[in-house]
Amino acid sequence: MSVEFDRKIHNTLADANLQLAIYAATGRLKEKRSETVTADALPEYEELRSQANAVKKHTIENLDYYLEEFERNVEARGGKVVYAKDGTEVADFVRALAKERGARLIVKSKSMTTEEVDLNERLEHDGLEAVETDLGEFIVQLAHQHPYHIVAPALHMTRYEVADLFTKRLNVPRETVIEKQTAIARKVLRQKFLAADIGISGANFLVAGSGAVVLIENEGNIRLTTSAPKIHIAIAGIEKMIPRAQDLATFLKLLGRSGTGQLLTVYTSFLSGPRRSGETDGPDEFYVVLLDNGRTRLLPDRGKRQSLYCIRCGACLNACPVYRKIGGHSFPWVYSGPIGAIITPQFMGISHEPSLPFASSLCGACAEVCPIKIDIPKVLLELRSEVKKAEVREKRNRLEKLAFRAYAWLMTHPRLYEMAGRLAASAAPPDGSSWIRSVPAPMNIGPLRAWLSQRDLPPAPARSFREMWRRR
Amino acid sequence: MSRDNILHRVRTALGRSAGQGVADPPPVRIRIPDVDMEQRIATMLAAIEALAGKTHRAATPAEACAFVAAAIEGKSAVASNAPYLAECGISSLPGVRSGITDREELRGVCAAADVGITSADYALADTGSLVMIAGPHEARLVSLLPPAHIAVVPRERILTGLDELLSILPNPADATSSMVLITGPSRTADIEQILVRGVHGPGQITVVVVG
Amino acid sequence: MGNRVSLFVTCIVDQLFPKVGMDMAGVLERLGYEVDFPEDQTCCGQPAFNTGYRDEARTMARHFLDTFESSERVVAPSGSCTSMVAHHFAELFQKEPETLARVHSLEKRIWEFSTFLTEVAGVDDVGARLDDVVTFHDSCHGLRGLGIKDGPRRLLERVRGLELREMQPAEECCGFGGTFAVKFAELSGAMARTKIDAILRTGANTVVALDLSCLMQIQGALSRAGSKVRTMHLAEVLASR
């Protein structure tokens, strides 16, 4: 794996406090989710999952149709749709609009899609102030970091770190009581909401049949972002599309429960177009930016296309024994956890971090909890195969390829396999009852060394099974 | 032009051509349970209380009005223009600003008020949610800016849940630019996973069911 | 219905834990099965498949199909190897209809050991005795790939003198994951240590599982930690008298 990846994993594993924070936070979310999807709590759970998968499959397979339907309906309600092929085009659009309107201050609600394109950084270059308003995002923005987890952006920080951050960046007296820290943020951000020229949100769902964006949250910052400023821009990946408002009866039941164990989050907003005549408040202008940024590269592959069904609930992160150890910041891109492991190589190319698909024990916990039944392990296995094919083409890692070819060859020659086994056993210490702690230096290389760095090795038995069987 | 480019890429990836139609999507899944009104009310009040919201049952609009009057005693309040609130006499209670139709004025009043009072277009029993449809009768900020929110809802508007709402309103975009489901007080657990209420939206919510 | 069963012992049993294979055979014979061991067997190819080397996996899968062509029933002391055959062989031969047909035939004839006992032999009680306090580790492939959860517990509960304690949390991966264990050694080790913490909290003396890859990881970690807790494969427990 890359040195960077290895280092980040190592540093996270070595930080005992962080280990506790990640494990506890994800454990709690995992627990809450499971309480809401038991056979008693939600007897129709499996049915809903199948329905969600079927609806997403249909939508993605006919995505062009639904994109156009969405566009028509947005425009029928007085909104505008803009297509952006990448982050540059998103930023260009926002900057141009801001300039035209003389806008300086932007409030933003949590959106992984905008993280994906580093929107805030791009806007800041033009002298625009873009303020994150979700408490966790506000905190990581002040810290100049990426969010740690899809649902809990500041999972990795303690109240003391937040206190230091607020004192340093907001110029307030040091405050370590969490309720009071929240009140500080509320006060600061309220001023921003009421003064902002533009509100930028993501979208949990795009509803083709309505020309609407659906947004879920617990704090109220999304409602404020999309209601107080005169301009609302929703930025969403093209894959967020669902056909009908009525499909929300399926998706909303799954999203809240899977993400945080809530039946519904505190606020669910269904927004279509600028305010209508007779509506006292709401934006005068409504834009939806539809982002590609690599999604069309992913689309042709029938096997891996399901990676686009994701509704960003975060359940896979909370279930993943690997995420629960290495946390969000070890991952090479903004998307972490099992979903991050499959979309990162597909959006960024497998050479971005070739070992990423291998950073999994394939335990399947992610697939078990995914509300849309994305077969994440299957996609990981396909990506692994692609990585190895690329290595062969580029003539890299030839030793490993050779070793596996030799092993396959050996396994199709049973007598030789048997001999090789006996040879290896004879090189090992004689059959004792204790496991092996270390081996002599010349042998302490490669996989053997890696194994022994963490655990003991089993002693070789005096006889193999087939020898014992023959002697019966 | 990115639009044509992206649509073209999508079509090529899917093996579809411009203007090609689609097979029907899987039928929507809408299941409306059979639950009588008393049970709905009980479920809804329990759900709201489980979320640390407050509830009150008023037998009549007049009782609802008296309850609200007591709740806002000594506080500044803003009420939406919902006809039902006028019917209950709530819009004209002393200390309540109502009938505002100017956006800037509304924003200023809501930002300064201690309590926002609204009705609700519907309520969802199973989740304890209020359904707020923006229109001349309900502005967005009344239930959002003040730190406390009181909603006064006549019982007939209580539905079993989201499925029933979406079968009555299969396309909310036909009715409004904003439909919001409010399920409990605003909250966050972003710092050390400790729950705090009233982050940006109201930290206190009271639902009064009338009838 | 004949009573012949072919053993697929798996390469890890053959080379490192032969007693498990012998014990499995013993339990089956005591139940009245005639047990054979097709000598050509080597490896199901899972390590290659999981590491992304599908051509190499295909080569081994072909050999496997040949080896077990005429076996009426195949039983393996491993959830992950059984899962490889039952779920992934078909993926390898999508472009070879004839071989695919042989794969589908084999899928119906291969069982993980505990599943064979509870669902084919139809027994919970194999007459075993082991005076011990044990905890059971659910191997991921067995649990999520093959849906195995209750079967082994029912079998363990019928072992005389045995007390079964459940670990909390349950169902968490031990961190083996094939080449993952060496490619991401530190991470794998951290996962193992979390697993053995849960094991030690039960106070059990013995950890039982269906898969030797898990047991190797767990025992390796227990041993490194200086713990006296031992591991046993289910077959070894059921063979105890």
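Every chain is named by a letter (A, B and C) in the order it is written, and numbering of its residues begins at 1.
Heads up, the rule we're going with is that a contact is a pair of C-beta atoms (placed from the backbone, for glycine too) under 8 Å apart; a residue touches a chain by one contact, two chains touch by 3 or more.
A quick note: this is a predicted structure, and the numbers were derived from the prediction, not measured.
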item: Top-ranked pair of chains - ranking by C-beta pairs in contact; value: A-B
item: Taking each chain's C-alpha mean as its centre, the one farthest from chain C; value: B
item: Distance from chain C to chain A - Cα centre to Cα centre, in angstrom; value: 32
item: Euclidean distance of C-alpha centroids - chain B vs chain C, Å; value: 54
item: Averaged-CA centre spacing for the pair chain B and chain A, given as whole angstrom; value: 30
item: Per-residue multi-chain contacts in chain C, two or more chains; value: none
item: List of chain C residues in touch with chain A within their complex; value: 9, 11, 13-19, 21-22, 25, 37, 39-43, 45, 47-57, 59-60, 62-63, 140-141, 143-145, 169, 171-173, 175-192, 194, 216-217, 219-221, 223-224
item: Residue ranges of chain A touching chain C (in the complex, touch as defined); value: 1, 9-10, 13, 19, 23, 27, 321-322, 325-326, 355, 358-365, 367-368, 381, 384-389, 401, 404-405, 407-412, 414, 417, 421, 424-425, 434-435, 437, 446-447, 450-451, 453-458, 460-461, 463-469
item: Contact footprint of chain A on chain B as seen in their complex; value: 2-3, 5-7, 9-14, 16, 18, 20-23, 25-26, 28-31, 47, 81, 100-103, 106-107, 111, 126-127, 129, 134-136, 139-141, 144-145, 162-163, 166-167, 169-173, 176-194, 196, 198-202
item: Residues of chain A defined as touching chain B within the complex; value: 21, 24-25, 28, 44, 47-48, 51, 54-55, 58-59, 61-68, 73, 77, 83-85, 89, 133-136, 139, 152-155, 157-159, 162, 178-179, 181-182, 185-186, 189-190, 193-194, 207, 209-212, 218-221, 223-224, 226-228, 238, 243-250, 252-253, 262-276, 278-282, 286, 290, 292, 296, 299-300
